[in-house]
Every structure is written in structure tokens, then in C-alpha cells.
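Below are two complexes that have chain A in common, paired first with chain B and then with chain C.
Moving on, here comes the complex of A and B:
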């Protein structure tokens, strides 16, 4: 892992010591090379993991998430170049440093063996994100957004700390690989239910679960583009990753605790999709669609079947790329009209046809069109949910339809129809923007050919 | 058959719309002289504002470009959107394309495509076929319902 972490840490002196005209080139170049160093981890043997050291390991679940993280940093840097162009060089370097710091924490979180280290880094990812949202966000609401974001996650994860320390004292070690073999011969006592809750609430808030999702539309909407990208693509998946790991070590006797969260997720999935249909703010629509997709992942993780774990992992990776792509597209609109209102930039297909192609592909993957990996994730989750409970198919079917509805609504609203009177103010697409979109889409489309690497530990 | 008195307002509407359309498409100069319509009671007169400049918009609309927004295409029509300086812009574009597409995506795809037996699926298939062949040849059942030997499992006492 050090071959990934040390170059990422060294990106910080790279940004501070670069000449200001080489700043973006250097950081983009080297962060792309770092994503190459993550690739050898893909060489996963059987169902065991690559145990690289006492502190770090990587297995079929953490490797695709690590790849996503390292791939996203250069994309974040490319996306930020326009709105940071006017800032003084020091502030640009600070911004890139925040992104790199976040990257370091995320890499270490996804590869941590020791759960306390995972926890500390899980919390540490909040700090650079908070700084990015509150310092470089666009509107005054960003302060409120930062507070919601910080305190929701902190309040959810404090019980996790208590639970981890309790497990450390009972089990003796919090090594993830050992804890999977913890034979917790416990009967049904209240303490176990509380332990389950304590473990899961942090990740439920992070995912987010429907009842605890209020921080997400605020944070996603107010964050600058790089913040939105990393929030939607990776930070939500931290919750999914944590849940996937923790369910391995919890006792199966307390699985009944999952029912309330299943209900919340099933209902919340339909609710947030419906809310998307009524949004005027483009980023808010994409944020609520993230909640909806993550509700699927929560359900898949809670039912704990091999197929559902495969679906959860595939859906996490697919949604990471798709959601980040949609935020980049929304940002390209925002940079032109300086407003997130959807109707202000409509009929774009007439003047920006290539961007319309990216919008179309992004919308098609968002609504889980076959054979994209989004479909693979959703299909596996739907099938395993059906086998868990026949009635859930009704709500899942309704959700799939409403997902298609709001995605097409977003597409038609921004791309089709008659353009506005102020359309001549809209500048043609830059190469940078087209590159950014294709760098999101090409991995997404390539993964269709070989989805085995994103199907996680139960493949 | 419609009465003329009923038809006239409709015709008035129709002709008025046509005139309005003509005025809209051809602008203020569509009516250079004053004339009265013979079919309707409309009077078309040239606008008093002909020849005068349109007033500058005093209201700043949200859709107007912000004055401090810099259009990168103005100074550099070949801008790739990375930087004002054309040289840095082109090199940034080249760096992103080379390192992003030519190195990471191409080598990455090749790496993933040639991964040796990811998670040992192919080995598992070969092993399963080998075992099935062995068991069929020896008359053993292909599969047993016990994964582990039941005599080796030690259960705790009934509590």
C-alpha cells in the first residue's frame, strides 16, 4: 500500500512547489499515474484477500473502491480548473491540498485492517470535505450545509467508536481479518441489539438512510464541483464499505435489527425518487437520486446474501462513476448560467450536441439501462430482494420506473425542447469538459465487458 | 352560416395576429406609413421610436453573462478550457489526454483484461470437472450434503 500512499502524500509538496502555470498540469499528471499504481491490487486470488502488511490489506471489495478513489482525484482536479482560475495561487494550492488530503485518508480507510484506524480515517475524511464545502462553496447556505454534514456524521459515528472499543475489550483485537471469525455465541439480549445499532448507525448516516439523509442534498448542492464529485462518488460508499465489513463480524442472531432499516430504505427509495421528479434545482435532483440508489445498496447489504453483496458492490462503483459524471455535467451548466435551475439552460442539444451525447449516456446509465453495470447492480439487488421477500418487488419496480422518469425528466428538461432566448450567452464546450465526461464514461462502459472486478467478495 | 357580426371579431383577431406576426418578424420598420385596414378597424402607424436607439437594459437579467466572467474563447479561440495562457492550455490538454487515456485507460484495460484467473473461477471449474470425472469413474456420489465430516464437529452442551 505504501506505493500508493507515499506518492499521494508527495503530491502535496508537488502542489506547493509547482510553478503556478504548471500547477494543474503537474497535479493532474501525477494523480493519473498514482491511479496506475492502484491497478496491481486487482490481481485478486481466491476468496481471500491480499494481506499486504499489518496495517493494510486489499480484497475484492476494497480494490474497486480504491481504484475509484484514485481515478477520481485527477477528475476532480480537471473539474476544478475553471472555477478556481481567478483565485490567487496559494488558495488554488490549498484547494488541491484538501483534495489530496482527502484522497490519502480515503485510500487508507479503504485498505485499513485495524478497525480503529478505519474509524479514525473515516472521521478524518470529514475535515477536508468540510473545508472544501464551507470555504469554496457558492452560496451562503454552504455554512448550514457544512454544519449538517459534520454533525450528522459525527453524531452517527460516536456510537461506532464505543462499539469498537467494546469489541476490542471483548475480542482482544480489532483486526478485520480476524474479527470475521469471531464466534459470538450470544443469545438475544438488548445489549446485542444496541451493539448492532451502534455499529450500523454511523454507516446508515453516511449512506445515507432515508430518515437521516437531510445532510446530503445540502452538502451536495452547496459543495464546489470537486466536493460534490467526491461526496457522491466515494464518501457515500464509505458507508456501504463499512456496512459490508461490519456485517461480516456481527452475529447472525441479531439480524432482525435490520427490519426497520429495510422498511426505511424501501420506502425512502421510492420517496426520494419521487422528490426528484419535483426538483427545480439540478444538483438537488442528482443528490436525491444518490439517496435513492444508496437505499438500494443499504437494502442489499442488510439482507446479506451472496447475490445482494455482488449487487451492492457493483452498484456502489457504478453509481460512483455515474453520479460524479452527472455532477460534472450539472457543473458545466452552472459555469455557463451561474444558476442551478434546470430550466435556465434548456434545449442544449441544439447548441452543444457533444455535451448532449454525454448527457444522454449519463442519463442512460443512471436509469440502469442494460448492459451497463448500473443495471447489473440493480438487477442483482432486485433479484435478491425478491427472494428475501416477494412483496418488495412492488416497491422496487415502482422505484425503477420512477428512476427512469426523473432521469428522463432531467435529460429532456436540459437537452430537448426549444432553447431559451439567452442561449447565445452559452459558450461552446471546452475540450476539458468533454475530456472530463469521457474519462468518467469510458471506465463505466469498459466495465460492462468485464464486471467481475466490481462484483466484490462473493463473486 | 356565421353572421357577419359574429365573424368580424374573429376576423379582427385573425388579422391583428397576422399583423402582429409581421411586425414581430420584420421589426419596427414593417409599417413605414400609416394605413388603415379595410377588413378590420385596425390602424397601423409607424412606431414613434423609429430611428431612435433602443434603450440600454437597465435591469440586469440573471441570464446575461456576468461582467467578471471571462470567456476563454475571446483571447484564445482555440482554447481547450484549461488556462488563459495558450501554451499552458495546450500542454495541459496533452498531459490529460496522454496520461489519462493513453496510459491509464489503455494499460489499465489491458491489465484487467489479462488478469490471471480472477478469484480462481477457471481453476474452480477445472477442479470441479476433474472431481466429477473421478467420482463418476469410481462410483462415488458426485456431491455429499455434508461439507464437513459430521464426526469431527464438536457441539457445545445443551444450555
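Moving on, here comes the complex of A and C:
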């Protein structure tokens, strides 16, 4: 694992010591090389994990997420080139440093063995993200967005700290690999329920669960493009990853404690999809669609069946790539019209045909078209939810239909129709932007061939 | 409303106002309102055309009405909200009602399944993957 972390740390001196005209090239190239070094981690035993040291390990759940994280850093750097072009070099280097710092924390989080280290890094990822949102965001609402983001996540994760320390003192160790063998199935006392709640609230806020999701549209909309990408692709999955790890330790209490969260996720999924149909702001639409997809993941994790775990991990990876791609596309619109309103940039299919191709593919994967991995995730979750309770198919079916509706609405609004008259200086798509979109799509499409690597531990 | 059967609108040709008999008996207040609306429209169109045909324009033409509309829809909702009894009742019914409804649906369904399993009546053949 050090062979990934040390190069990522050394990216920071790389950015500060590069010449200004080599800055973006250097950081992009070396972060791409780091993502290549993450690939050999995939070569591991299928029924166990790759235990690399006392502190770090990687198993088939954390490896796809690690790959996603390392793949995303060069993409974030590529995406930020345009809106950072006019800043002085020091600020550019500071921005890239924030991204790299976030990357380091994320890599260590996904490969942590000790749960306390996981928690510390989980909290530490908030700081660079907050700096990126509040300092480099677009509108004045970014301050409000930063406050919502910070305090929701902090307040949710303080009980997690208490619960972790309590488990440390009672159980003796919080090593993730050992803890699965030491759980005691205690009886249903309300202290157990409180412990379960304390563990889960941090991840529920992060996912986000429907009732606690207020920070997400604000943070996603006000963040700069790299912030939006990393928020949608990785930081939400931190919550899912944490929940997947912790539910292995917490089994019996979950049967009746899960109901409120299941209800919130089921109904919230339908609600947030419906809100997407009424949005005028493009980034806000994609943010609410993220909430909807993550509600599926929450439900899958709460059911705790092997199929649903497979669906949850597949959905996390697929949604990370798709959502990040959609934010990049929205950003390419924003850079041309300087407004996030959807109706301002219409009929782009005539003007930017290649970008229209990326829009089409992004929309198709977002609505979980077969045989994309989005479909695999959603299908596994739907099937296991049906076995949980037959009536859930009603809400899940409604959600799938409404997902298709709003995705196609977004596609038609931005691409089809007659273009607006006064937008006569839409610059053609840069090669950089086309590279960015294709680099997002290539893993998404290639994973269709062998989805078993993203199906997680219960495959 | 056509009193004259000769001049009817067609599929690709709407009836022009000069052939519409309803146009000729409009009250003076309505005429004044029409003139005011026309004045606003032409002022806005003049501003738009001035910007559109300006050779040294390098960017987009921003529509301030659109900016106000999006601001009102997205960022300015809560300052204009005041909790009233009807408002709060509606929010509670629509926000919390469905959650409680679906909770009872799923709870009864799963309890019924659990009862059937405990009595051994549910078909639980062995599945290799579940």
C-alpha cells in the first residue's frame, strides 16, 4: 500500500516545484501513473483479503473503490484546468495540493484496517473538500453550502467516535479483520440499539439518507468541478463503504432498527427522483439523482443479503463514474454559458455533436440501461429487495421509471430542440474535455465485460 | 367564434387577428392594456437587439428576468416561507404520512411472512445464491 501512498504524497512537492507551464501536465501524468500502480491490487484471493501490513489491507470491497479514487484524481485535475487558468500560479498549486491531500486521505481510508484510523481519515477528508467548496466555488451561496456540508457530516459522525471507543474498550481491538470473529450476538437491550444508531448515523448522513440529505444539493451545486466530482464519486461511497464494513460487526440488532431507515430510503428514493423532474438547475438535478441512487445502496446494505451486497458495491462504482461524468458534462455547459440554468443552453446536439455523444452515453448509463454495470447494481438490489418484502417492488418500479424520466428530460433539454439564438460563441469542445469524458466512460463500458471485479466480497 | 365561415384557421395557418371578428369589439381598457404590453415587449426587444447586433459584443446576452426567476426558484424559497397551520399540516401529512403508511405495509407483510415461516408453511426451498 505504501507504493501508492508515498507517490501520492510526493505529488505535493511535484506541484509546488513544477514550472507554471508544466504544472497541469506533470500532475495529471503522475497521478495517472499512480492509478496504474493501484491495478495489481486486484490480483488477490477471492475468499480472503490482501493483508499488506498491520495498518493497511485491501479486499475485494475496497479495491474497486481504491481504483476509482486513484482514477479520479487525474480526471479532477484535467477538469479544473479551464476555470483555474486565470489564477496566479500559487493558487493553482494550492488547489491541486488540496486535491492531492484529499486523495491521500481517501486512499488511506479505503485501505485502513483499524477502525479508528478509518474514522480519523473519514473526518480528515472533510477539510480539503470544505476548503475547495468555500474558496473556489462559483456563487455566494458556497459559504452556506460549506457550513451545511461541514456541520451535517460532523454532527453525524461524532456518535461514531463514541461508539468506536466504546467498542475498543469492550472488545479489545478494532482491527477490522479480527472484529468479524469476535462479535457476540447479545440480546435485544436498548443499549445495543443505541450503539447501532451511533455507528450508523455517520454513514447515513454521508450517504445521504433522504431526511438528512440537505447538505448534498447545496454542496454539489456550489462546489467547483473537481469538488463536485470527488464529492459525487467518492465521498458518498465512503459512507457506503463504512456501512458495509460495520454491518458485519453489528448483526442481530439490525432487524428492527433498520425499518425507519428503510422507509426513509424507499420513500426518499421516489421523492428525490420526482424532485429531479422539477429542477431548473442542471447540477442540482444531478445532485438529487445522486441522492436517489445512494438510497438504493442504503437499502441494499440494510437488507444484508449476499445479492444485495453485490448490488450495493456494483452500484457504488457505477454511480461514481456516471455521476462524475454527468458533473463534467454540466461543467462543460457552465463554462460556456456561465449559468447553470438548463434552458439557457439548448440544442447542443447541433453545435457540439461529439459532446452530444458523451451526453447520450452518460444518460444511458445513468438510467441503468442494460448491460451497463449500473443496471447490474440496480437489478441485484431490486431482486434482493423483492425477497425482503414483495411490496417494495412497487416503489422500486416507480423509482426506475422516474429515473428514466428525469434522465431523458435532462438529455432532451440540453441536447435536442432548437438552439438559442444569442449563443453564437459557444467554443467547440476542447480535446481536453473529450478526453475527460472518454476517460470516464472507458472504465464504465469496459467493466461491462467483467463486472465480477466490482461485485465485492460476497461474489 | 367564427361568424364568417369563409375565414377559418387551418392546420398550418392560424387566423390572423385582422380576420377575427372578436378583434373589432374590444373595450378601450383592454386596448390600453394591449398597448402597455406592446410597449414593454418592444422595449425588451430593443434592448435585446441592441446587444445582439452590437459588433463589439463578445459574450452572452444575459436575461435579467431569467436570472431573477432562477434565483427565486432555487435560492430564495425559504426567506419567503412563513409557517402557517395549513402549511405545517400539509408538510406533516405529505412528509411523514407516507413513511408511516409504508412502515405499516412492510411491517405487516414481513410479520405475516415470519409467521408463515415459523409455522413452516412458506416454500423455502434451498437456493444456491440468495
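Some points to look at:
Just so we're on the same page, the second predicted complex is superposed on the first by the 455 of 459 C-alpha atoms of A that agree within 3 Å, B and C clash if a C-alpha of one lies under 4 Å from a C-alpha of the other, contacts with A are read in each partner's own complex, and residues count from 1 in each chain.
In the analysis below, contacts are C-beta pairs under 8 Å (C-beta built on N, C-alpha and C of every residue); 3 or more make two chains touch, one makes a residue touch a chain.
None of the values given here were measured: they were computed from a predicted structure.
When the two complexes are overlaid on their common chain A, residue A:395 makes contact with chain C while staying clear of chain B.
When chain A is checked against chain B and against chain C, the one touching more of its residues turns out to be B.
Of the two partner chains placed by superposition, chain B and chain C are both touched by A:425.
Judged by the touch definition given at the top, the superposed model places A:159 against neither chain B nor chain C. Applying the stated contact rule after C-alpha superposition, one finds that A:305 touches chain C and leaves chain B untouched.
By the touch criterion stated above, A:338 is placed in contact with chain B and with chain C alike. In the superposition on chain A, contact of A:259 is made with chain C only, not with chain B. Within the superposed three-chain model, A:36 lies in touch with chain B and out of touch with chain C [touch as defined at top]. When the two structures are aligned on the shared chain, A:7 is found in touch with neither chain B nor chain C. Once chain A of one complex is fitted onto chain A of the other, the partner contacts of A:284 are limited to chain C, with no touch recorded for chain B.
Comparing the two complexes, residues 337-339, 344, 421-422, 425 of chain A contact chain B in one case and chain C in the other.
Residues of chain B touching chain A in their complex: 61-66, 68-73, 79-85, 88, 91-93, 95-97, 99-101, 103-105, 107-109, 111-113, 115-116, 118-121, 156. Of all the residues in chain A, the ones that touch chain C in their complex are 141, 259-260, 262-264, 266-267, 280-281, 284, 305-307, 337-339, 341, 344, 387-392, 395, 421-423, 425. Taken together, the chain A residues at the contact with chain B in this complex read 21-22, 24-25, 28-29, 32-33, 35-36, 39-40, 42-47, 60, 71, 74, 78, 81-82, 85-86, 185, 337-339, 344, 420-422, 425, 427-428, 430-433, 435, 439, 442-443, 446, 450, 452-453, 459.
Within the complex formed with chain A, the residues of chain C that make contact are 48, 51-52, 58-61, 66-67, 69-70, 73-75, 98-99, 102-103, 105-107, 109-110, 113, 129-130.
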